[in-house]
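We call the chains A, B, C, D, E, F, G and H, going by the order they appear; numbering starts again at 1 in every chain.
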Amino acid sequence: MSHIEIDEQRCKACYLCIDECPKKLIKVGEKVNKLGAKPVEFCDPKGECLGCAMCATRCPDMAITKVFRG
Amino acid sequence: MSHIEIDEQRCKACYLCIDECPKKLIKVGEKVNKLGAKPVEFCDPKGECLGCAMCATRCPDMAITKVFRG
Amino acid sequence: MTLTATKPEGKVLIKGNYAIANAAVIAGCECYFGYPITPQSEIGEFMSGKMQELKRAYVSSESELASINMVIGACSTGAKAMTSSSSCAVSLMQEALSYATAEELPVVLVSVMRGGPGLGNIYPSQGDYNQATIGGGNGDYKLIVLAPGNVQECIDLTYKAFYLAHKYKNPTMVLADGLLGQMMEPVTFGDYPYPEVDDSAWALTGAKGRGRRVIRSYAPSADDQCVFLNKLYAKYALIEEKEVMYDEYMTEDADLIVASFGSMSRNVKSAVKIAREKGLKVGAFRPITISPFPNKRLKELSCSAKKFLVTEINMGQMVRDVRLAVNGKVPVEFYGKGVGSMIDVEDLVDKIESLIEV
Amino acid sequence: MTLTATKPEGKVLIKGNYAIANAAVIAGCECYFGYPITPQSEIGEFMSGKMQELKRAYVSSESELASINMVIGACSTGAKAMTSSSSCAVSLMQEALSYATAEELPVVLVSVMRGGPGLGNIYPSQGDYNQATIGGGNGDYKLIVLAPGNVQECIDLTYKAFYLAHKYKNPTMVLADGLLGQMMEPVTFGDYPYPEVDDSAWALTGAKGRGRRVIRSYAPSADDQCVFLNKLYAKYALIEEKEVMYDEYMTEDADLIVASFGSMSRNVKSAVKIAREKGLKVGAFRPITISPFPNKRLKELSCSAKKFLVTEINMGQMVRDVRLAVNGKVPVEFYGKGVGSMIDVEDLVDKIESLIEV
Amino acid sequence: MATQVFKVPDSIIKDMTYGFCPGCDHGVAIRLVAECLDELGLKENAITATSIGCSVCLYDYLDVDSVEAPHGRALAEATGIKRARPDKFVFTYQGDGDFASIGLGESTHAALRGENITAICINNTTYGMTGGQLGPTTLLGQVTTTSPTGRNVEYYGYPIRIAEHIALCEGTAYSARVSLDSVANIRKAKQAIKKAFEYQLKGLGFSFVEILSTCPTNWHMTPQKAHDRVRDDMMKVFVPGVYKDVLQKV
Amino acid sequence: MATQVFKVPDSIIKDMTYGFCPGCDHGVAIRLVAECLDELGLKENAITATSIGCSVCLYDYLDVDSVEAPHGRALAEATGIKRARPDKFVFTYQGDGDFASIGLGESTHAALRGENITAICINNTTYGMTGGQLGPTTLLGQVTTTSPTGRNVEYYGYPIRIAEHIALCEGTAYSARVSLDSVANIRKAKQAIKKAFEYQLKGLGFSFVEILSTCPTNWHMTPQKAHDRVRDDMMKVFVPGVYKDVLQKV
Amino acid sequence: MEKSFIIAGFGGQGVLLAGEVLASAFMHDDKNVTWYPSYGAEMRGGTVNCQIVMSESEVSSVNKKEIDFVIALNDLSFDKFLPRLKKGGMMIANSSLVKEIKKRTDINYIFAPVTKMAAELGNVKMANILSLGVLAKASGLISVDKLTKALDTVLPPHRKNLLPKNIEALNLGFNFQPALV
Amino acid sequence: MEKSFIIAGFGGQGVLLAGEVLASAFMHDDKNVTWYPSYGAEMRGGTVNCQIVMSESEVSSVNKKEIDFVIALNDLSFDKFLPRLKKGGMMIANSSLVKEIKKRTDINYIFAPVTKMAAELGNVKMANILSLGVLAKASGLISVDKLTKALDTVLPPHRKNLLPKNIEALNLGFNFQPALV
C-alpha cells in the first residue's frame, strides 16, 4: 500500500508538503521536535496515498525520507 | 593652397600616411630625428594636395599637425 | 533596532556598527560604497537608507575590490568617502590601499575584525592587527589606524578618521572587532568636532582655469620614486610626532604594565583595578593609534616598569610592536588566544599575579 | 633568449626568471596558472610552451585572484602547482593566501619584487619583505618564504619551495626581485633533489572507498578555531626549528655584522671583503629563509657582535625582524633606499667605515 | 508489494540535517544535485569547490570531496582541480552573490575558457547568509536590508540575467534557468542539472544551471508566499529556459 | 584663403610625444577622444580614471584631470568619481586586458548599474605593455608570448566579444564596436565615441565603445600589415557595429 | 556595584529586544551599561541570547563567565545558562516551556509561566517584556518606570501602538507572585 | 680579477644578444659572470643596454657604477656611458654612428665603424657581434674561440644557419686595426 515515512527530527515545519499532497494526507502534528518546530504527520486512515512523491519532492529538508507506491 | 605641416620630431616613421595619401605626396625623408627614426616629408611641388586630411587622420602620432584646404 | 536620527539628542543606546555609520554621516561622509560581510553589515545597511535620504552617494558594490576603488575614485575629487568591511574581505583591498597611500588620498576604511585566517568565523578577534598596521599591499607605505575600545570611541574615532585622512591625505582605518560592532552602549554624538580640511589645491574637479591634475602612483624613474618615498616617510614621521594617542591607567608606579588594544582593553583595565586592590603594582596601557604606534611613550615606560604583558585575541601581533618599542629593556610577555570572546578578567588577574610573583 | 631544454647538461647561462620556471618544471610542477606582470612575465611565457609540450596543465588566467585560487584548487588534489607574480599583483592574492594557510595547502608562489607602493615601477626593489613575511591576509598565519641571492639559488630554492610546501602543507613563497629575475648567471640544474611527499592521506581524489574529505578554513566555533590555531602555530615552531637557513661570512670575530637578504647580499659580501682588507672587523649575515626568520642565530651573534647594520632596498622592513631578534642587546642601524638598483659596494664600504669609527 | 519511489539520495550524508531555514529551496537544489550524482554514479569521482553563502556547509550535506573557495572564487578553484585532475567530475554549487557579484569575472572566464566543469547557481535575489542585502539579482522594487525603500535604478541599477550572460560565452556548452516553485518545475530542474552533468561527462565544455530559489527568511515571507513570489515575480524577469545547448540549436 | 581642416586637438597636451610604438593605434584612439572632448567642450569638466596598460600614461597626453586606477579597476574608480561629482564628465580609456580580463567584474557591473559614464576599450588582442601575452581577446590560432604555438581552445578557450557582453546589460545605453583599420573607419569610430559621450551628457546610462586597434610590436608586424590584420582577421571575429542603442532599436 | 544579566530563548521570542529595553532602562537610570548579543553561526535557527552588564562605574567586561541573573524563555536556554549563574544568582525561567527542576541548589529560582501569562494578556510575544517585569521585582535593580521609559525609546515609531499593552505586561510581570520555594 | 662591460645601443641593434654571447664566452672560459639588462619603461623605444661583470672569484656586484669597457653602438649610448667609464677604461664606439670626439682624456678609445663593416659583410645587424671581436682584441680578456663557442650556445636552433657569417664578423672585428691615436 502506498505510504510515506517522515523523519520528525528533520521536519522544519515549513508546511509546503501539506499543500502539495493531492489527497491532503499530511497534517501539522502536536509534538515539538528538537528544532523547536511542530513537524507534520502522515495521516492516511483510508489508505488514499497515491505514492506520487509530490510531498517528498517538494520537501526542502528531506524530512519525507521515503515514499512507497503500490 | 592646400598643404600639410609635419612635426618631424613626432614622426615615428610608421609610414602609414604614405599609403594613405591619394596623391602620394608624402615620402620618407633622409634625416634621423631624436627618436632615431627617419621622419616623412611633404613633397608637393605641383600643388596637388587636396587637403583631404587622410594622412593626418591616419597618423597615429599627430606628427601631421596641421592640414589646410583651399 | 531602529535607525537613529542623524544627530540624536543626549545619550542613546546604540550598537557599535550603527554608531560608526551614524558618526560617518555626521562627519559629512558624502559617499559610502560597500559589500556586506558579518559582523559589520549593519554599517552598510544603515548607510543605504540614510545616504539616500540625505541625497548622498551610496553604492551596493559588486565586491570589496570595487568598494575600495570606488572610494579612491570619490576621494580623488576631494569627497569624504568611506567603505567598511571585515577580515577576509579587507584582504582583498590591499592593492588598492597601497595605491591610495601612494596617491595620497583620504580614504576612510572601517574594518570590523572576525576570526581568521581564511573564512574563519564571525566571532570577535583581534587577528587583523598585522593586516591593519603592516598590510599586504606592496611597497613601503603606512595607514593611519585608530582602534576604538568602546562604542563612544567608535564615534569619536570615526570623526577623527575623516579628519586625519583629509589632513594628511593618507588612508585611515578604524579597526574595531565583532564585539564592538555588535554590542550596545550609551553614547553621545555631538557635532563633528574638527575643522573642514581644504582640498582645493589637489582635488580633481575638472581642469577649468588651471592645468590638469594627475593623481598617480606610477613613478617613471627609480630616483623619482626614492624622492617620493622620502617625502612620504617624512609625513609619517610628522604624523607620529603629532597624532599618537594612547590611554594609560595607573602606570606611574607600575612594576608590570599590561598592554592591549581595542575591546580587550576594557577587561585589562578591570583586571588591573582588581590587582591593585590586591596590592599589586600594575598598570594598563592602550594605544589608541596603533599606527603610528606610541613608541616614544612605551620607551619611557620601559624605564620605570619592570615587565610588560601584552594581551590580544590573536597569536601575538601587537606584541611585536611593543617589543620593538621596549627594545629589550625589560621582558615583554604575551598572553592571548586565537579567536573568540575577550579573555576573562579573572584569568587576566591570575596571569598578572603569576607574573608579579615570578 | 631561447627556452632551455628541460634538464640541460652542465653549466648554462640563464635568466633568473627562466631559471625559476625551468626548476619548477624539473621539480615536477604539474600545473602553472598565471597572469603577466613585469618583471616576471618570462616565467609564465616559459611555462606556457613547456607545460603544453609536456602535457601538463597551464592556464593564462584572467587575473591574479584567479591564478592563486586555481593553484589552491589544483593543490587540493595534491598536485604540485604554482603561480608567479609581482608586487601590486601579489597584493591581490592576500585573501587566498590566508585561506590556503588555513586549509594547509602546498601552494607555491614566486614573487618577483618591483618598486612600490601602488603601481610603482618595474625597477628592482625589496619593498615586499613585509608583504611576504607578514602579509595582508586576515588572521594569524605565516608563509614559508625563501629569498634567493643569486640565480643558482633561484633554482635551488624553487626546488626547496615545492618540497617544503608539500612537506609542511603550507603555502611557500620564493621571493626574488627584478634584478634576480632579469639577470643571467651560469648555473646547473641537476635533478630535483628532494623525496616526493606522500599526500594520499589528505588529497581530494574523489571519495572512492573512503569517507569524503573536506578542505576548509571555516571553523564553526571559536573553540575549534583556537585549537586549530594552536596546531598551526606548533607547526610553525617546528618549521622554525628544522628549516631555518642562512648564510654567514666572516661573522665569528666581527664587531659589525651587516645583514641583508636577496640580491642585496652580493654587494654586502663584497663590501665586507673590502672592509676586511682595510682591517675592519666586519661580517655579513643573510637569512635565506626570511620566514621563518633566523632569530636564534641572530640572537647568538648579538652576543659577539657590537653592532648590526641592516641594508635593504626599501624604507626599512627586515630591520624590524633583526631588531626583534637582537632585542636591544646591541644597536641595529638601517641603511637603505626606497627602490632602484642595489646599493653600491663603495657606498656600503663608506657606511661600514662610518659605523666602525663611531 | 510496494516499491520505493523516493529515498534520500546516497550522495547525501547520512543523518545530517540541513542548516537552512524552513522553506528554503537550497535544500531541494542540493537534493537534486545528489540525485543526479547518484544516478550518474559520480559520488566517488566528484570533487566540488564550495562557495561562501548559505551553501558554505555543502560539505556537511553532500558526501563528496570538497575544498572551500573564498567568496566568488569557486570557479577558479574548480578550474584548478579540473586542470590538475581532468578525470575527476568537478562542479560548483554557488549563490548568485558568489557567482555573479564578487565572482562574475571568474565565472564568466571559466565559461569563456570552456572549462569542462559544471556550475549550479542558486538565484534567490539576495545575499542570504549575511542577512538579506541587495544582490546582483535583486528585483527592481525589492526591499532588502540595503535597499530599504526598494531597489531603484538610480542608486542600484539593474539585476543581471545570469543564464543569458553565460550563454553568450563561446566556451559554454549548456546554459539553462530553472525554477523550484512547483513540483513540476523541480522535476524539470533535475533534468537540467542532469544534462549539465552529462555534458561535462561528454567533455563538451562549461555547463551551467541557474536555479530560481526561495529565501523566506530574508524575504520576510512564509514558505508558501515565497514560492508564489518565485512564480509571480521572479520568473517574469528571470525567464526559465535553455539559453544555450551546443547539442541543440536553441 | 586656405582653411585649417585638421589640427592637434586642444585637449591634447601641448608638445607631448606619445610613448607608443610606431603604427600603434592607441595614438589615433586618444586623438579621437580628444577631438570629441574638444567638440563637446568637455575638457575643463572631465575627469578620467586611467587604466594600467600601454595607456597608463594617458595623463601625459590628455589635458584633463585624472586618477590612476589599479589594473582592471578603472570603472570602479570612475563610479566613485561620478557618484561623488555627478556634474562632471567621467570616462575611462582602457585596454582589453584591463577592461575584460582582470576588470571584467567591475566593467560589467558598472554597465549593469547603468553608471552614467563612458568607457572606451582598446582591443588589440594582446597585453601590449607587458610584452604581448595572450589576453581575453586573443584570436584562435594567434601566436603570443604565452601561446607560442597559437591559441588553441583546449588550453586557452575562446576570446570574449566585449561589445556584445556589455550590450546585454540592462544599464547600458550604448555599446558599439569600431575599427581603426582605415580612414573611413577612423571617422566612424569618432562618431561612435562622440555618441557615447553625448549619451552620458544626456544622462542615459552606461555608454561603451570597443575599438579594434593594432599592436605592431607584439604582433611582430609592420604597421601596414598590422592594419591588414585588423581588417582581415579581427573584424571577422569582432564584427564592428552598434550592439545597443537605447535611443534606437538595434 | 556591577550586575550581569542574560536573556535567552528561541529566535522569535524577542530576547534581543528585551535585552535592549533592559539596557536602555539602566541607561535612563544613569547607570553604565553594555548589551552584547550572541551572534553565532551565520545560519538561522537555534537559541539566541544577549548579555547585559550594568555598573555604577565603568563596565568591567562585556561578556562575563559568571552571571547574576538569567531569564530563560525556553528549556534549551535554561539548560545552557544554569551553570553560568553565580552562586546566589537568580534564574528566572519561563515555566510554560521549562520544567521546574532545580539541579543547582546554590542559586535562586523563579518559575513564571510568562508565555501563558502573555497569551492571556493577548499576545504570546509579550512574554519577553513580561519577564522583565518579573526581573524588576526580583532584582530590585530597576523600576517599572524606567523600563516603561525604555520601552518608549526602543519601540520604533510604527510600533508605538504596542506600548500600552507592553506596559501592562511589565506590570503583570512585576506583580507576579512566585510560588514559595 | 673582476672586469665590467656595458654594451649599449638602439633597440634592434642586438645589444642584449651580444651581451649574452660575451657572458656565455666567459662562462665557457670558467669565469664567474653576470649579465644584467636595462629594463626601464615598459614602453618601447629609446636605448637598450646590458652590463656584464666577469670575475675570477664571485661577482661582487651586478650593476656597477664604474665600468671597465663600454661598447657604444650609437651616439646616445656613447654620451650616456662615457662618464661611467673608469679612469683608464676603454670606450669602443661605433664610428658609423658616433662622432669621434674625445671629451674625456683619462680613458682609451677605439672608434670602429662596425655598422659599416657589418653592412659590407652582408648584414648590418651583425654590428653587435662584430664589436665583440673588437673588444676581444682590445681587452685580451676573451678569445675568439670562446666567443665562437658562445655564439653556438646562444643562437637558437632555427638561427644556427647564421653561425658562419657571425663567426666571420667576430674575426673581422678581432682583426680591425684602429687608427693610432
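Throughout what follows, contacts are C-beta pairs under 8 Å (C-beta built on N, C-alpha and C of every residue); 3 or more make two chains touch, one makes a residue touch a chain.
As the structure is a prediction and not an experimental result, all values here were calculated from the model.
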Smallest count of steps, each to a touching chain, taking chain D to chain H: 1
Of C-F and B-F, pair with higher C-beta contact tally: C-F
Separation of mean Cα positions, chain E and chain C [Å, integer]: 38
Distance between chain centroids, defined by C-alpha means - chain B, chain G (Å): 87
Where chain C and chain D are represented by their mean Cα positions, the distance between them in whole Å: 30
Inter-centroid spacing, chain H versus chain F (mean Cα positions, whole Å): 42
Multi-partner residues of chain D (at least 2 other chains): 38, 59, 62-63, 65, 88-89, 95, 99, 103, 118-119, 123, 216-218, 220, 341
Numbers and ranges of chain G residues touching at least 2 other chains: 41-42, 45
Residues of chain A whose C-beta touches two or more other chains: 35
Chain E-touching residues of chain F, taken from the complex the two chains share: 101-105, 108-109, 112-115, 136, 153, 156-161, 164-165, 168-171
Interface residues, chain E side, partner chain D - complex: 13, 43-47, 49-50, 56, 59, 62-70, 73, 76-85, 88-89, 105-106, 109, 113
Of all residues in chain B, those that touch chain F in their complex: 1-4, 9-10, 12-16, 19-20, 35, 37, 51, 53-54, 56-62, 64-70
Contact set on chain D toward chain F in their complex: 35-38, 41, 44-45, 48-49, 52, 58-60, 62-64, 88-89, 118-119
Chain F contact footprint on chain C (complex, rising order): 30-31, 33, 57, 59, 61-63, 65-67, 69-77, 79, 81, 95-96, 99, 103, 204-209, 211-218
